[in-house]
Amino acid sequence: MINQPELNTLSKNDKIDHFLLIRKIELRSTRSGSDFLATELGDKTASINANIWEGFVELAARGKVGDVVKVTGTIEEYQGANQIRVSSIRLAQEKDGVNPNDFLPVSKRNPDEMRKEFNQKLKSISEKHLKKLLPNIFNEERFEKFCLVPAGKSWHHGYIHGLLEHTLEIIKICELMCDFHPELNRDLLISGAMLHDLGKIEELRYDSAFEYTDKGKLVGHIVIASNIVRDEIKKIPDFPAELENNLIHLILSHQGKLEHASPVVPKTAEAIALYQADELSAKVNAYKGAIEAELKPDSNWTKFIHLADTDLHKFSLMENKEEKSKKSLFD
Amino acid sequence: MINQPELNTLSKNDKIDHFLLIRKIELRSTRSGSDFLATELGDKTASINANIWEGFVELAARGKVGDVVKVTGTIEEYQGANQIRVSSIRLAQEKDGVNPNDFLPVSKRNPDEMRKEFNQKLKSISEKHLKKLLPNIFNEERFEKFCLVPAGKSWHHGYIHGLLEHTLEIIKICELMCDFHPELNRDLLISGAMLHDLGKIEELRYDSAFEYTDKGKLVGHIVIASNIVRDEIKKIPDFPAELENNLIHLILSHQGKLEHASPVVPKTAEAIALYQADELSAKVNAYKGAIEAELKPDSNWTKFIHLADTDLHKFSLMENKEEKSKKSLFD
Amino acid sequence: MINQPELNTLSKNDKIDHFLLIRKIELRSTRSGSDFLATELGDKTASINANIWEGFVELAARGKVGDVVKVTGTIEEYQGANQIRVSSIRLAQEKDGVNPNDFLPVSKRNPDEMRKEFNQKLKSISEKHLKKLLPNIFNEERFEKFCLVPAGKSWHHGYIHGLLEHTLEIIKICELMCDFHPELNRDLLISGAMLHDLGKIEELRYDSAFEYTDKGKLVGHIVIASNIVRDEIKKIPDFPAELENNLIHLILSHQGKLEHASPVVPKTAEAIALYQADELSAKVNAYKGAIEAELKPDSNWTKFIHLADTDLHKFSLMENKEEKSKKSLFD
Amino acid sequence: MINQPELNTLSKNDKIDHFLLIRKIELRSTRSGSDFLATELGDKTASINANIWEGFVELAARGKVGDVVKVTGTIEEYQGANQIRVSSIRLAQEKDGVNPNDFLPVSKRNPDEMRKEFNQKLKSISEKHLKKLLPNIFNEERFEKFCLVPAGKSWHHGYIHGLLEHTLEIIKICELMCDFHPELNRDLLISGAMLHDLGKIEELRYDSAFEYTDKGKLVGHIVIASNIVRDEIKKIPDFPAELENNLIHLILSHQGKLEHASPVVPKTAEAIALYQADELSAKVNAYKGAIEAELKPDSNWTKFIHLADTDLHKFSLMENKEEKSKKSLFD
Amino acid sequence: MINQPELNTLSKNDKIDHFLLIRKIELRSTRSGSDFLATELGDKTASINANIWEGFVELAARGKVGDVVKVTGTIEEYQGANQIRVSSIRLAQEKDGVNPNDFLPVSKRNPDEMRKEFNQKLKSISEKHLKKLLPNIFNEERFEKFCLVPAGKSWHHGYIHGLLEHTLEIIKICELMCDFHPELNRDLLISGAMLHDLGKIEELRYDSAFEYTDKGKLVGHIVIASNIVRDEIKKIPDFPAELENNLIHLILSHQGKLEHASPVVPKTAEAIALYQADELSAKVNAYKGAIEAELKPDSNWTKFIHLADTDLHKFSLMENKEEKSKKSLFD
Amino acid sequence: MINQPELNTLSKNDKIDHFLLIRKIELRSTRSGSDFLATELGDKTASINANIWEGFVELAARGKVGDVVKVTGTIEEYQGANQIRVSSIRLAQEKDGVNPNDFLPVSKRNPDEMRKEFNQKLKSISEKHLKKLLPNIFNEERFEKFCLVPAGKSWHHGYIHGLLEHTLEIIKICELMCDFHPELNRDLLISGAMLHDLGKIEELRYDSAFEYTDKGKLVGHIVIASNIVRDEIKKIPDFPAELENNLIHLILSHQGKLEHASPVVPKTAEAIALYQADELSAKVNAYKGAIEAELKPDSNWTKFIHLADTDLHKFSLMENKEEKSKKSLFD
């Protein structure tokens, strides 16, 4: 792992001597005819623009989105945003020992802890068919992907390990609902929670940037997840049809409404619990993230957030701040 | 096949000596305490109510929806609708040689002709993977079901052979679109047309009444069709992933809008063609059927039709009616 | 408290010797001219129709919705539903010692336990202004009402103590969200959870039937709750304006969308958490209740449920049913 | 009051020697590295851009939105819009005797006349409780604010005295409706008209620019108005609950639909009259304003107006223009 | 004109000796086999059911909706609503001198006064082309119809002279808007107000019942009005195209939104004024009418009113009722 | 006709010596004060920007959108798009013999063939009134316009002869539907297909650019078409009212939904067929065009297409490409 100050800690006039990931790269020319290379560079904490005015021939020819560059220069401000005034820039080489993955945004939670937690939940399933099915689905290859993939491109849990973090939240919310309602079938519901977004491992690319795959756009993660589960169910003899239909129903209906791309709406108590737990986990994560990232300077309001259809407010009043032990992002 | 006047040709005071299908059956009692058996009976052309006031003990105990009965009596009118005044009624027996299937509404087109036509279309596919795939999908067992199942419970093509009739219409509309637009991939589009509603064979029961199955309600015909196609694709080595994604996309997107239960919207020229061809075939069949079935007496307007969100009008003016050779339902 | 078999345990031919609550009462006459008294009677577990054909003069003159009657007779079936064949009926008298409240549907959870739990949550608030405010709001008079009122007429938690049960669920869900997100202001969020539906105590009547009050229809529980909270805030000197605005915002925005009658949408992380926690608690309770109450005979499907816009399914497959220790409503 | 030509009367090459209000101010640098100060300056009739290339150090450090500057220069055209080529610029000083308020857009109607008119309407209320209530609400402090505040940021009546002008229009429309329908309760309806938008005095800042306050965004003018009215009602002994509920209902429902942020829809004849009168006054003012401000050059069509979801047309044909005595903005 | 007590003044046990209009007529039979004639009869104030058990042969054969009958009998109550217990009934004869028109609901305003008022408004138009056009449109034949036709089947101004009453209200509202906004073209706007609903004279039948014509359903009153106006414009030489387009635009856009069947949305200041004036006149009339007609017994709330999507409330508190001189429908 | 390489065949560094149409023209100045003339020039295949830095005085004064210029220069790239570096430019003169019409986008189908085809369809109508009506409507003057006008500004068939091409497609689709459904009135349906968009000839200008006319915006093509047809019907004695209403109904309802600006929804079998045929023809043409024009470089996905509310995908897999005889735009 590289050792360099994180981008979101730097400000005007700070020096840059960093490896950074190329997020956008484009050759442009000014109206007066000079060419320059316009790039967006980033680490896991932030993104920043850099225009390169000379010595960019090789980089322009060989560099592409997802590559890492070594760049030196200074932070300066342009039209209210930071950018890098570049002194030198080159593509990273093998001997630099850097990995594009290290520059992607990443969950704040410890991934090993989360994997362990997930495995415990997996073992808590007692119904005999599901007990056989789930480890087959979460085989080594799929589990690796499942633990890395973000839950989305950017809106909620849009970072490495995001799906794992999101899934664990939903599992715990569903367990609480089972405490309130013993009538819910716990094994079915928790299995559904584990599997509901599994299709994201084929819907998204997350190696150097988060993008939809062709399959993701043409088929979508809901049907992809349903396919994976069905393939594994067919390998288990005598898997009950009713259990299969109900488990697939949880996956298909988990976005809650047809207009949110679920081909069926929730029709069981377990399905409505899963949908609403998903909403709760997703929305709170998304709003918190937007408030962290988009506050206007000297204001406790963000710019207008389209997915929330409003601007958002950070509540900052707090009695006895000094006594508050947990560090809070909003304070 | 039984030989008896069709129900939709009978009127008040006509004699009944018919085999009819039980569509509803319920034991009721009047406010004054007498029990009677309330039934709805039908043949392929119509349904009619019959209340049985005596001698119904055995029928009440053993008869159920989908059984055939032998009934004698007279047509009488009650509150503006026909009903049967029953003289005698019994369950059909094996020696009667009647088949519940013979009492379901059925397409007006000749089924053998339609099967032949469909097989010709099947053979017209030339792309080598699709050429291998389609006959496997339409194997004998599935083809039998495909040729029988209605396209829906009642709104459009809601009769035996309805899906086959509907699919043939769509194929021909799509062929016309390929004439207009040579850029469309004909093999892909026609394959999609053939497969788009195949899931109905597991979504609907159509042996003695048209009802959704549990799987139909929990999973839905769109994902069922996608599953069948995917199972058969996996048996073909080297089936191109791009072709698979595009074919599955046609099935998933064929209802055109998320709120109509498609988990993805049409994203290719072939997908938009299939969706609009489906709409055209379905809506014209549905409106024609509603105009035939729901005209108010002495009026060229139907009652209010909820799925059309309006009442419908039969245009009846016609020059030289006597010279018109084709028999028209609307004249 | 009266001691009599609960209505939902009785079936055809069982004897009735019960105190029951009048839910509907109407004098009717048959087409042939005889008068009778049509009533709907109930206890806390169910409702049942009873038509009274004689000796109803006094009852017709004095009885009204919300009164208790003593009735004897037998259960019989009419058009697929139970009704009482009445032998005798009279209004309850003072010496009978019955209370209409005892016949309303009631939470299955122990109310004293829930009150205790709520009071513990109340004491867990540490911010000094809220710590002063909340006990004033939940003074003895309001707390009595708060502990009795249903959370709604019928859709979710529509029974005595329903609001208390619902509020406790939301508090626990919100506490879980605070575990996930230390950035959330716990004191603000839990206070909002406690207060969000407080306006129901003036929006609904729940003495003998659940009905909206005039104030409930003209003003609505959202603004009523905001008024109560504001009245108490004004009594506390130096209550911070920012805290007031944020607390009122939680109440006003808790239905999440303008079209659901919130005059502002959620604009803080706490507000979105409260809205989604409310949805989760409400929907799971509502779907479970509908599945319990509306299953069609011999089916694991309910009739069409309008508020869910679908029919609902009871998942009944269960391995080792005999070993399942918790009694389940769905098994 | 300052004496200088109004901005909307000036055109290319005219000299500027004006006090103007800062509406936007931002330090920028060109791609080649020169810094400049980008500002938007305005008086009550229009806004205009001015980029300042030198001598802006003090202004950049101390100037902020809502301040007044003294500027000299010339009007020039850039990309189809006017801008100021600045010769000199400085912040206004106390001795200049200018008031930011004088630079805000302002109603064309005489404010003293409107205040007088409003007071007459106030005196016309005869119901004894309302007669006591209204003067308390419109006490000196609130009345001052009520007479200044705009009815909105920009869409309709978005200028100083705008709420007063808008309220008077609604009162007159409601009086006309009372002429048509003597069944309407005039005192209730006119009181509702006076109070419906009173919350704007706390929802908006209008000292140097029109912006939403924190309270405006978190609580909203509808609930704020309801709070003010309720506070004053509580000071009047024996104010009838029914009258209070109906008056509050008028305020809460005056935006007509839940999705327009009213927490209840209009449920009385008075409430529907108030809502529709508000719409009529607001929409005609807004469309007229948009047609005045947004006509494309040499065209009788405006650019696309988002709030109207169409472009708008100025009808200009007029017979005998010279005889038309009333001056018309559209001719 | 007949002289008999109006239906809405009668109650249980009152004698009936009336001419009444047939609104519905249907031959039915009871479950036990007796035939009877089910009718709905009415005068201009109300409708009432009457079942005729004997002596109805001739009436059943010759009577139809829109005919007048002479009926004697008594008012009785059945299931909470009044009906007539019929002693004798016969079709009205020529010598009875009754006119079906006299039994239709009718405006409370004096028709001659309204005609006079409309003619004054007509004369107030001064633009020379419109001055020529309007009298041609409102020629004797069309004016007769215009003065009789209701503005709708039932929702607002749904009575004889209703369109005239509605149009006069809109004209006055528009005149008030012209007072506020001298920029509005008064002649254009008032002409549009006069013509906007003229198509109703061909859209509706109103001779004995209010029903849509075939043309009304297939073409609609908006296009019909546009056609009539266009026919008359073509007879005037040199009618300016711009004036024609703007006048037609007022008619086409007067329902304000595409989804309300206007083929274009309002794009001029005059068009938005006309739309909002129409809404104001229509909604207040409709709500008032619904509150008058649909109040539940012993309640100040109506049943649920579908077109308002809520139940409605009658505000009844009134100080010094005895002093109130104008008779109010709501008191 | 001019003879020069088409714009869409040129790339960087190619020489320009072309007549081109002015699509936009605007005098601008740089921030540093130099004036230049910004233009968009085009032929029938593409559009390209050209900024002119000197010698543009006469052109700036006299040139306007829709004029043709003679320009020499070179293609260069700026910010990822081509533009012309202009050497010389002048307005075309009479002796150049160029026609602005030759520079508009144009159908790929042969116009003479399409005219012939349309005339054959016209002759196939046999009903005697329609047989008389249609040639009068398509008289020489209107037919010329009908054969030139595009079917829209840009979304579908947005090119010269576009309406003719679109109309022929719909006619053929409708004929196919008549084959499926002999109950459809073929003469009525085909006449409706021919006339449905005729109003476009007055709604759009298409001489040098495609723009809406004032009449197009204020009245709209639906009512314009209905007017033309009605004018011609009135010249034919005894044209049946029912036929007129049904024909006008086809025109008015052909956009299928009120919110798509049809003032009535389809109420006949013919009307629903026409609406769905129109959708099919329009959508497939529009999607194909968007895929052709908007593919991202090195991708088989377009940018986001707003009217489709998605990005679009080009399916490119094709077996045996070399054998495919028809040239395909997508391969």
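Quick notes
For reference, chains read A, B, C, D, E and F in written order, and residue numbers begin at 1 within each chain.
In this section, a contact is a pair of C-beta atoms (placed from the backbone, for glycine too) under 8 Å apart; a residue touches a chain by one contact, two chains touch by 3 or more.
Every value quoted in this text rests on a predicted model; they were computed, and no experiment measured them.
Among the other chains, the CA centroid farthest from that of chain D is the one of B.
Here B-F and E-F are compared, and the pair linked by more C-beta contacts is B-F. Looking for a copy of the D-E interface in A-B, B-F or C-E, one arrives at B-F, which has over half of the same contact pairs by residue number. Each chain's centre was taken as the mean of its CA atoms, and the one lying most distant from chain A is E.
Counting every residue number used by either copy at the chain C-chain E contact, under half are found in both chains.
For the pair chain B and chain E, the distance between mean C-alpha positions equals 44 Å.
For the pair chain C and chain F, the distance between C-alpha centroids works out to 61 Å. With centres taken as mean Cα positions, chain C sits 40 Å from chain A.
Shared contact sites, meaning residues of chain F that touch two or more other chains, fall at 214, 217-218, 242, 246, 267, 311, 313.
Chain D meets chain E in the complex at residues 127-129, 169, 172-173, 176-177, 180-185, 188, 240, 242-243, 246, 249, 265-270, 272-273, 276-277, 279-281, 283-285, 287-288, 291, 308-319, 326-330.
For chain B in complex with chain A, the residues that touch the partner chain are 214-215, 217-220, 222-223, 226-227, 230, 241-242, 245-246, 248-249, 252, 258-264, 267. Those residues of chain C lying in contact with chain E across their complex are 26, 28-29, 31, 214, 217-218. Against chain C, the residues of chain E that register as touching in their complex are 30, 78-80, 300-301, 311, 313.
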